[in-house]
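Here it is, the structure in full.
We call the chains A, B and C, going by the order they appear; numbering starts again at 1 in every chain.
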Amino acid sequence: MLIEATALRKFFSLSGGRQVHAVDEVSLGIAEHEVVGLVGESGSGKTTFGKTLIGLHDKSGGEVRYRGELLPARYGAADFRKQASEIQMIFQDPYGSLNPRMTIFEIIAEGLAIREGRSLAALRDKVVYWLERVGLHADHLSRYPHEFSGGQRQRVGIARALIVEPKLLICDEPISALDVSVQAQVVQLLGELQASMGLSMLFIAHDLSMVRYVSNRMAVMYLGSLIELGPAEDLYFRPLHPYTQLLIASNPEPDPEHERQRQDQLISGEIPSPVDLKAHCRFAGRCPKAEARCFEERPALREVLPGRLVACHLL
Amino acid sequence: MSKQSFQLSAADFAPAPPATHAERIVRPSLSYWQDAWLRLKKNRRALSSLYLVIALLLFTLLGPWFWTQDYTLQDLDMISQGPSWGSAALVVEDPGAWEGVRGDALPLPQGQELGATTQLTVEGAATTQYVRLYWNAVPGAQHYLIYRNDHAPDSGQDLGLPLGETLRPEELSFADRLQLRPQTYWYTVIASDGLTEAASGTTLAVTTERAITTTQARERGLEATVGASVQLPAHPFGTDYLGRDVLARIMEGARVSLFIGIVAPLLFIAIGIVYGGICGYFGGTLDIVLMRIADFVIALPFLLFMILFRIGFGIGPGESGIFPMLLALVLLSWPSSARLVRGQILQIRGEAYVQAARMLGARSLYLIFRHLVPNVMGPILVTLTFAIPMAIFTEAFLSFIGMGVSPPTPSWGAMSNEGIRTMLSSPHELLFPAFFISLTVLAFNLLGDGLRDALDSRLRSRE
Amino acid sequence: MMTHDYALQVDNLAVEFDTYGGVVQAVRDVSFKLRKGKTLAIVGESGCGKSVTVQSLMGLIPMPPGRITRGSARLGNDELIGIAPAALNAIRGKRIGMIFQDPMSALNPTMTIGRQIAETLVVHRGLSASAARAEVIELLRLTQISQPEKRLDQYPFEFSGGMLQRAMIALSIACKPEVLIADEPTTALDVTIQAQILLLLQELQSSHGLSIILITHDLGVVARMAHDVAVMYAGQVVESGLVDDIFYRSAHPYTLGLRAAMPSNDPRKRQLQIIPGSPPDLFAPPPGCGFADRCAQAMRVCRDTPPPAYGHTHQARCWLQDPLAPASPVTSLMVNNKAD
């Protein structure tokens, strides 16, 4: 494994001593050249997991190893500097992820300018190369982020992260704020870059349908817990956990005939708040198949079929 | 529409060459500040207030180059004059001592009452320097009473200002030098026998001409020949109670007002940026402690500290204290801007682009100066624009109540204070400084409003 | 069909915005018809003018810088374009309900949900305060908000995203409108919640006979909800027709491209086909077809002449529908049945 989290925990403290169990003992590794899709609804802790993994949040428990080396629980500026050439990230919000006062050139060149301390002018050729590699054009260099569409901005964010040629790229919901047609562009671009650069990727998203096109493996999170993990196609077409099944079934299919024949499978209610969780199955409250034991004991993630890990008592 | 297709040929339906550049951006490129400037330009109210602010600054800084009158020069002949565009004046001799006109005291014939004065005459030219009157003796008069009025007296009771009385019966003349203006006066001289006044007097209308003495002419570098006509300086805003030019004093006073108004906010916002920046960037316990200190400072009463600083600096009542005023403003006003900056930094620190820069290995100083500070400059500029009128008004208020700048140094507040005493007789002394205070405060406030709208990033989008 | 079969009929609408350096032609000659009791989906990417179209009907675009330069919109028999703002205000909320992508910004954060809905009932339907309260509870129950008696007195921040959207729907149908405009109602929601909200809208449509305009960029939502579809691109409707026409007989390359770019549950669809490039900036729309620069089938005529609308009930603005055009992947409409 290139990077491996073991029983990673991230709790946020609230007033009154209560705690938000944002990430609760999640173990997940990413091998070299592998793309892992991490899927969950809002409040599932998927973004917190990604940020805790690479040091943007302090860890509350557990450990993360990168190439076998233990990463610090709390990051300082020096730690980020050390890992800058190895791990990079692209962000969800294409509006907030680019400094509105900087030109596209300054934004993309930032990583090299920080690392090598070279003047910006010397970096121009390389920036143009990356700009064109993400499908933009050299005459965009002097423009400002607000002049671009969401998809174009997201591509600028990709160029900024990849210009330092990292080995691992964390994609934090890079497509959630985009139109479906633009999502496909970004997914395809990331897929191409991953293949040509031999990147490892953690691709965080809130639904599985798009992620399956880029992922080798997929992981599903619910309320801070990892509930299912397996090869992408296998997991998508044969989901085992009741939540994964409902999540996939909820997604509308662009096929009117199929939709007209749909048997409505709705999950009632919404994802509960992850404050002071008790030790039971996180999904028990909404699960149509829940039994008494689901409310008593938290199921462990275990291999139920070769390569398929599920946290459910019923399997 | 079907007609169109008839005009087309098969060649039109041949495949088109591949598109060159499907990501073209056709709109003109605008940076944040260019965009804000365009928005500001569209806001007519803000733009005119910007011009007004520039005009006020030019007025203050360049005004004295063009308006060269000395703001300290007192001209007791020109006290509390209304606005005027200058006037010609006659040069006359220094008044010196006038020996006057003497006659014989005439005894009062038996059974007669005191009669009216006769032959009331002006000696020489009547000027604003002096009006010299003499008259014929009235039989039985022990002395004479001299009155002056602004209009023709319509009865014996309406003689106007009693100017004085002669002391001896032989004295048959009087020199009036009391605040003469170029206008027509009605002088009345009434004889008195020491106990009763004559039932009637003689009234003479005298029109005075503006004049200055040779000495005064020499002092002002004018031609000092008696009988010459010279041009006196204009006073477009009139003169104050010491005959000083109000325009020159407004210009000079603006320096104090704008100095305090601009330097104090610059200083306390600079402190606020550093202090708030440290709190927002480092956070944690340091933030909590520093912000409690700021809360404490906010709770301190400004006026009390102003008084304490004056005492501390050994400045007594009636003395000027620009520095303690600056100090009090700076030391007690920074917490609000520190709070603002802290809030902004806290917000921006969580933005994805700051996290991206951290991931790229950016050091604290780089983050602060490359990402945080440029993004808080907008709100800071707006705060600064609103802080300026506040400081100007505070200065004016303090000087007005005598806690700031004191005479002879002019400041708009101090001038208002001086002007309020003569508010009824010569309102221009209050109105001009008050007008300038209001205009400046209004202009900066409108500009701040416009800037806030122009810099509001929520309004910026592609569509 | 006769006019009275349509709840809303929009003809040749054009909307412009003044910006620095020029004019953005956000909506260029848009026409569509909303059948009574049916759902019309307006599909397109951000910036294609789909939201501006409905906002301009409702008088919700700021003027200036915006202005409606042309067109008409009839709600039943009443014209909406060019009437006084007060008259439009009376129609909005009463005869047309609206729900938005972000319900939080459409609700007043300092008022309880119950009061906001009750206020509409009192103003538009003249109900008394106590009658309004009973009606609000009924509406919240209708939109499947649990414990409506308790929820009534809560503030928007106490609601989750899905609940807030339900409350917004309750507010928008409070005055029994003829038309409900839903502008990306589920874009900000998770898929499981999206499924709940879409089902709720379908149920309300069948129980209340609502005519719905659904604005979305997601063809999956369209397939689930729509009876009729208008595909918008670069400020124009490029294809319109029944939902099956659009999905199974796509007559415009853009619709084909959108469909190919959608992820699918179909295991055979192993690759996403993307539409390269970005839509043109309507600050300077291209002289010909707006899609020509991104279209694999682009012909010479596409670059410099805007295509007419071909077809009748199923229409497409594409030169590939012309009898002179070569064979292409798009479904050919009956060319002798041209629109006039």
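As a working rule, a residue touches a chain if its C-beta (ideal position, glycine included) is under 8 Å from a C-beta of that chain, and two chains touch if they have at least 3 such contacts.
Remember, predicted model here, so these are calculated numbers, not experimental data.
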Think of each chain as a node with edges to the chains it touches; is that a line, ring, star, complete or other?
complete
Closest chain to global C-alpha mean, per-chain Cα centroids:
C
State, to the nearest whole Å, the distance from the C-alpha centre of chain A to the C-alpha centre of chain C.
31
Chain-centre distance (mean CA atoms) for chain B and chain C, in whole Å, is 60
Counting only Cα atoms for the centres, state how far chain A is from chain B in Å.
63
Residues of chain B touching 2+ other chains?
23-25, 27, 30, 462
Could you pull out the residues of chain C that touch at least 2 other chains?
47, 276, 278
Mind pulling the chain A residues that touch 2 or more other chains?
135, 149, 152
Complex contact set, residues of chain A against chain B:
54, 56, 77, 80-82, 84, 87-89, 91-93, 96-102, 107, 110-111, 114-115, 135-137, 140, 142-144, 146-149, 152, 157, 160-161, 164
Residue positions on chain B within touch of chain C in the complex are 1-2, 4-5, 8-16, 19, 22-28, 30, 35, 38, 462-463
Chain A partner, complex, touching residues on chain B are 21, 23-25, 27, 29-32, 351-353, 355-364, 366, 370-371, 374-375, 457, 460-462
Would you mind writing out the residues of chain C in touch with chain A in their complex?
45-47, 160-163, 190-196, 198-199, 217-224, 226, 243-244, 247-248, 257-259, 261-267, 271-276, 278-279
Can you tell me which positions in chain C touch chain B when the two form their complex?
17, 19-22, 24, 26, 47, 52, 276-278, 280-281, 283-284, 292-294, 297-303, 305, 308-309, 319, 322-326, 338-340
